[in-house]
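Common to both upcoming complexes is subunit A, partnered first by subunit B, then by subunit C.
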Partner chain A sequence: MPTVTVNGKDVEIGASERLNCIQAAAKVGVEIPAYCWHPALSVVASCRMCLVEVGDKKPDGTVAMQPKLVPGCQTPAKDGTVIISDSPKVKEARKATLEYLLLNHPLDCPTCDQAGECYLQDYSFNYGRGYSRLNEPKNIKPDKTYIGDQITLFTDRCIMCTRCVRFTREVSGSSELQVVSRGSHEEIDIFPGFPVNNPLAGNVVDLCPVGALCSKDFLYQQRVWWLKSTNSVCTGCSTGCSVTVDQNDERVYRLKPRTNEKAQGHFMCDEGRFGWKYTHSDQRLSSPEIRTNGQVTSRDWDQVLSSARAALRKTALAGKTKIAAVLSPWMTVEEAWILASFLKSLSPNAVLAMGPVRIAGKDEHFPKDVKGNVVEPVKFTIRAEKCPNRAGVQAVLSHFTGDVMPFEELLRLSSNGQFGAVYLAGGDPESWISEIQAEAFSKVETVIVQDFLASPVLKHATHVLPSGTFVEREGVVVNHKGLAQLIRRSVRGPDGTRPDSRILWELTERSGLVQVDVVRSEIASGIPALAGLSDPALKADGVLLNVAQAAAAH
Partner chain B sequence: MAKFEPVLLARIHKSDSASLKSYQTDGGYSRLKEFLSMAPADVTSIVKDSGLRGRGGAGFPTGLKWTFLPKDHPGPIYLAINADESEPGTFNNRYLMEKDPHQLIEGIILACHSIRSNKAYLYLRYEYGTSYRVLDAAIKECYAAGILGQNIKGTGFNLDIVLHRGAGAYICGEETGLIESLEGKRAWPRIKPPFPAIEGLFRKPTIVNNVETLCCVTQILYRGIEWFKSIGVQPDPGNPRDPGSYGPKLYCVSGHVNKPCCVELPLGVTARELIEEHAGGVWKGRKAKAVVPGGISMGFLSDKELDTKLDFAGPGKVGCLGLGTAAVVVIDDHTSMVDVLYNCCRFMSHESCGQCTPCREGTAWMTKILERIRSGSSRLEDLDLLMEVAGSMGIMPGTTICGLSDGAAWPVKNAISKFRGEFEDYIRGQRTTVTSAQKLMAVH
Partner chain C sequence: MSQTPKKKNVRWVEEPEIGFWESTFVPAIMQGLKTTLKHVVDRKPVTQQYPEVKPELPLHYRGVHRLNRDEKDRVKCVACMMCATACPANCITIEAQAAPPEWPDRDKFPKSFVLDELRCIYCGMCEEACPVDAIELTHIYDLTGESRADLLYDREKLLGVYDRTKNDPRDPVRTRRGILGPAAEFQQLPALGPATVVPQSDRSAKSETAGVIRTTGVEGQR
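Moving on, here comes the complex of A and B:
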């Protein structure tokens, strides 16, 4: 195994790993500060923050150091590479670079959104000088309040790392951003009339190591140290980007992509980034209801749940009509499992169907050139399948029913009057059922709707169960390629709502508090295709399941 | 020593020296066919054995550079000719291009043959309008005479020369900046490795050579290695890494002299000799206070160092960065070094490409400090600060992507260490050389 020495400590790197000095040093926990380098972008080695001493260890054990400092981002770590990042020479260089970067920086941290998660602050604190020796006026460059619908640029805070420019050139392909002017007068700017409005635009805000590029959505909303972050998954499409949900006081303020090579990589799309707003919508269903002949007769959770349970049981026992459930592709695997196994336990011939899988357009691949043609290699994909867990729900369904019944088939059976009780799980923030489709349930005696927004089917509902959005729930979702990841609860839902797993837990009369872990281990031992859910890696970056094959085998 | 007869500039005083006919009359292109039928590797080894070092500034051995090209590369391989002569005080390439373009073109053909390139890009400084017209006419003449284009002189060798005018930036003279600019991009120098010889223009192997270097190639092939090695300075026997400074060199003398000139001399002439014998001495009967040995980024020689030999190694021995472009700028004793240094810094700050932090911010900061010194509101500590800034811009050469940062820091280091007394007097005396009107006009 190739061995690299970092500050006197040896570390082995994989034979096929192509690491630079920053990455190799990170393996032993040594931070080499860098601004312009980003693992998903090309190397420019221009910020000069990552200068280190590098040498080669000869077979006879002697070390030949290069006389000059070299940028760690540009220097590959190979067998025998010796990296020194804590020598006086390196520290001096970092101090100088930071002083340069702060020369024309306005130091307006008290009003800057980035403060608290700013690399300029962190590195200045760790490696900087602490005071500036500039006696002259700073170069003040005017802010550019509009460079995109969602993005604003505080030009004077910029340190010219050009990460944003490279992102628009290399990942989104749209090339809106550029450097204008020269020397200490240079600025990031857009081409006139071409604002940064590509579907991945929001990523430039995350990439910006300082507070230059800011999200208009988040601007001046919160100080970042008030925010509590939860690792979760974006449920906007079947790509299933790993994200962190940042909330304060039960209110979500932003979603940020979380680096996960198994899932999407480093980025996320704007659709997902700003697509959580329905969570705080005032249109949310806010109390459980039993409706009898159009009149609400109860708004008590216990009564509603026991009434729903009784109605399902009665229909199953009577046996004249069937009971049915629609499992939404927005449910977690655990929720789907509880509901499906409950119905099957009530009646072996209970009908289970997959809810509507919303497809919008075609998969959108990036980078795209100016003509809209995809450039290989593809670095990011926004999928047309706008639901997070089709694969997971399908795996549960095929475990119980073999072939998965599509929603339209269930509608047909329902119109034929086959069902006496139907359990409809919603969860799609956009309309998932039309007025005409909802008519299929008009004759059904018991229609239990579990959803968080109103939909046409509510007209026929006998029981309404207000559920939670993805930031209020916990469970596993499986993305397009079978990667199971955990969504985690970050906020409490509005009064009167309950997370789906709790609704189902209590509906099925399980005892005690909801324990999603218990359900997950039931699934792992019950469904071979989902056995991987017992893997502890699920809690970190997810587990790759073979659900596609498992579904095909049925 | 007998008086040196110019070779590169031998023809410039003829009335139509730029024409093909005149060049051929003087024997030009006469042995081109013979050279083109030699094996490319043989041409390379002639150039390598001659000890020719690049005339563009860094003095890298030309033949050695050519051998860095990947062997058996399927091509295309490109030659880029660096005619973006923008180091202040430098005008030797301009002489060669305006007065004897065919010497250059023949050099290009021979170099391209040697590196197996069929396309050469001549990157010409935009401001050189006359050079452009002369070169354009000369290239057209060559195409008409079968010296360029397909099957040159019946040897089966093809070569096209593209004449490209830059848009006026100092940084385009840096070889990878030049390549980026040729590709139509912002002239931001590239990180190395890969070096251009491996991956250069359009991601193909590329050799970048200076105009004067290629003119020397022509002369070496016609006159032989022995001739070339008989001129200039032998390697220092005490320094095994010194390849010597062979051959003639064009020195551009400008500044406070009676007769600014571009003169061809063997490498190793002293600054004093250049000023006294070739430039007619310092003007107005004054004395030289400082001399720039090869473009301002190389630093300064003080009046005590005028006997420094201006070869590739000489200026380095007295604290300068190197010979550079051999553009000698003479500064008389009535001129304030503060003003000189301010001018240098302002130029470098204006021309910094802005890619690397130290250069982008450091050049501007040094300019601001010098502006303050000139406006009379400074303290002695500012000199230490200047030295420290200059020191951290190039802790040692090579800590930034290209050499501009070192080149910007060097004159500051040199001026303050060699003329510290003058700077201190200036600050102590609260002398002000900037009037408010000048301040307003300072282009920034």
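Moving on, here comes the complex of A and C:
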């Protein structure tokens, strides 16, 4: 095994690992500061922040240090490499680099959105000089008026690390951003008439180590130190990007991608990044309802739940008609399991079907060249399947029913009058059922609808259960390749709504408070394909479930 | 006493012997009556005749807040929310908005600025945190309102306090760097020190504001 020495400490790196000095040092917990280097982008070694002393250990044990400091990001760590990042020489170099970076930086931290999560602040505090020797006026460039629909550029704050430029060239492939002029006139700009409006544009805001690129959506909304982050998963498509949900006072302010090599890598698309707004929609269903002949007769949770339970039970016992449920691909695995196992325990011939899986267009792969052709290797994919958990719900359904019944088949059976009670789980923020499809439930005696937005089927509903969006729930979703990840609750839903798992927990008369963990261990022991859910790695970056079984369930 | 261990630096003093007159308590009673008599004769009041007479408050008194205006009569606040962050009573609520294009020197300004004067504990942390000297505490102490909502001071009300107090000699606009207010008026200001020591050989150590970035000449360019 190749051994690298970092500040006197030996660390072994994998024989096939291709690490640079920054990554090798990170293995022993030594931070080498860097601005321009990013693990997902090419190396330019232009910021000079990661300058370290590097040497080689010769076979006879002597160490030959290189006379100059070298950029850590550009220097591969190999067997016998000696990295020194805490010598006075390195510290002086960092101070000098930061001093140059701050020469023209406006230091408008109080009005800058990045303050609090700014690498310029952090590194100045940790490695900087602490005072400025500049007595001359700063070279301050005017801000750009428009560079894209979602992003804004404060030119004066930029430190020219060119991460954003490389991102648009290497990951989105659209190459809108570029460096114009040279020397101290250098600035980031777009080609005239080609704004940064690609579907991945929002990532340049996260990539920017300073406050130069800001998100218009989040601009001036909150100071970042007020935000509380929760690790979760984006539910915009079946890619299932790992994200953090940032909230304050029960209000979500932004979604940021969380680096997870098992899931999507480092980035996320704008559709997911800005696609959580329905959570705070004023169109949300806000109270549970029992409707008798179109009139609301009760708005009390306990009454609605016990009435729904009694209706399901009565139909199951009478046995003249069947009970049925539509399990939406927006449900978590736990929710699907509670509902499916409950209905099957009421009546073994209960019909379970997969809810409508919304497909929009085709999978969109990046990078794309100017003509729109995909360039290999693919670095990011926005999937056409716009639901987070088809694979997980499918695994639960096939455990209970063998073949998975499609939604259309259930609609056909329903219009034939086969069902006496139907439980419809929604959860798709866009409409998931049309007026004509909803007609199939017009003759069903009991229609229980669990959803957070109004849909045509509410017209025929006898019980309405207002549920939560993905930021209000907890559970497992399984993405397109069988990766199970946890979505976590970060905000409370509006008054009158309840998270789906709680609705189902109380509907099925389980005792006590909702314990999603308990349900998960039931699933892990009950469904072999989902046995991996008991793996503690689920709480970190997810568990890759048996892909063969997940694919077979297709 | 004999049981107490002797300690260094502890000196024991004996109680003085009580004399004859002292044991009759007569001199002490006379002393007390003298004080009483003095108060009977003295007609000068010791209480302040508020509200007919307003009290002379110390210069560092912290009363109702104001939001200062800049030289163009705009609200000086830049909506950085440092005051709301520093506030221990959580009484400041600010909503920021991007500055209009006519304000090239500003990035943002407060769309709404609400300060709950009832919730405030008048500690002055907001004033201290403000990087642009926009929020200041004045000498106004007698604020009244007919409801709680009346004492939720919004941006316009706080600017109104500024208009009322800006010419009051006790509430000067404290915009000069290093001078906090009349209470802190020193004859000689201590030199502004940098966060860390500047080497004496350094060029900036010789300038009068060592370690402070001078941005003169660029104002209005942004």
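The criterion applied here is as follows: the second predicted complex is superposed on the first by the 547 of 554 C-alpha atoms of A that agree within 3 Å, B and C clash if a C-alpha of one lies under 4 Å from a C-alpha of the other, contacts with A are read in each partner's own complex, and residues count from 1 in each chain.
The rule we apply is simple: contacts are C-beta pairs under 8 Å (C-beta built on N, C-alpha and C of every residue); 3 or more make two chains touch, one makes a residue touch a chain.
Keep in mind the model is a prediction, meaning the values are calculated, not measured.
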Touching partner for A:58 - first (subunit B), second (subunit C), both, neither: neither
Partner chain in contact with A:156 - subunit B first, subunit C second, else both or neither: second
Of subunit B and subunit C, the chain that contacts the larger number of subunit A residues: B
First (subunit B), second (subunit C), both or neither touched by A:107: second
First, second, both or neither for A:91, with subunit B first and subunit C second: neither
First, second, both or neither for A:219, with subunit B first and subunit C second: second
Touched partner set for A:18, first subunit B, second subunit C, both or neither: neither
Partner chain in contact with A:135 - subunit B first, subunit C second, else both or neither: both
Common interface residues of subunit A - those touching subunit B in one complex and subunit C in the other: 133-135
Interface residues, subunit B side, partner subunit A - complex: 169, 186, 191, 349-358, 360-365, 368-369, 371-372, 382, 385, 392, 395-401, 444
In the complex with subunit B, residue positions of subunit A that touch it: 43-49, 51, 67-69, 71, 74, 89, 92-93, 96-97, 100-101, 103-104, 133-136, 139, 159-160, 179, 181-186
Of all residues in subunit C, those that touch subunit A in their complex: 78-82, 85, 96-98, 104, 107-108, 131-132, 194-196, 198, 202-204, 207, 210-218, 221-222
Of all residues in subunit A, those that touch subunit C in their complex: 106-108, 110-112, 129-135, 137-138, 140, 142, 154, 156, 219-221, 223, 225-226
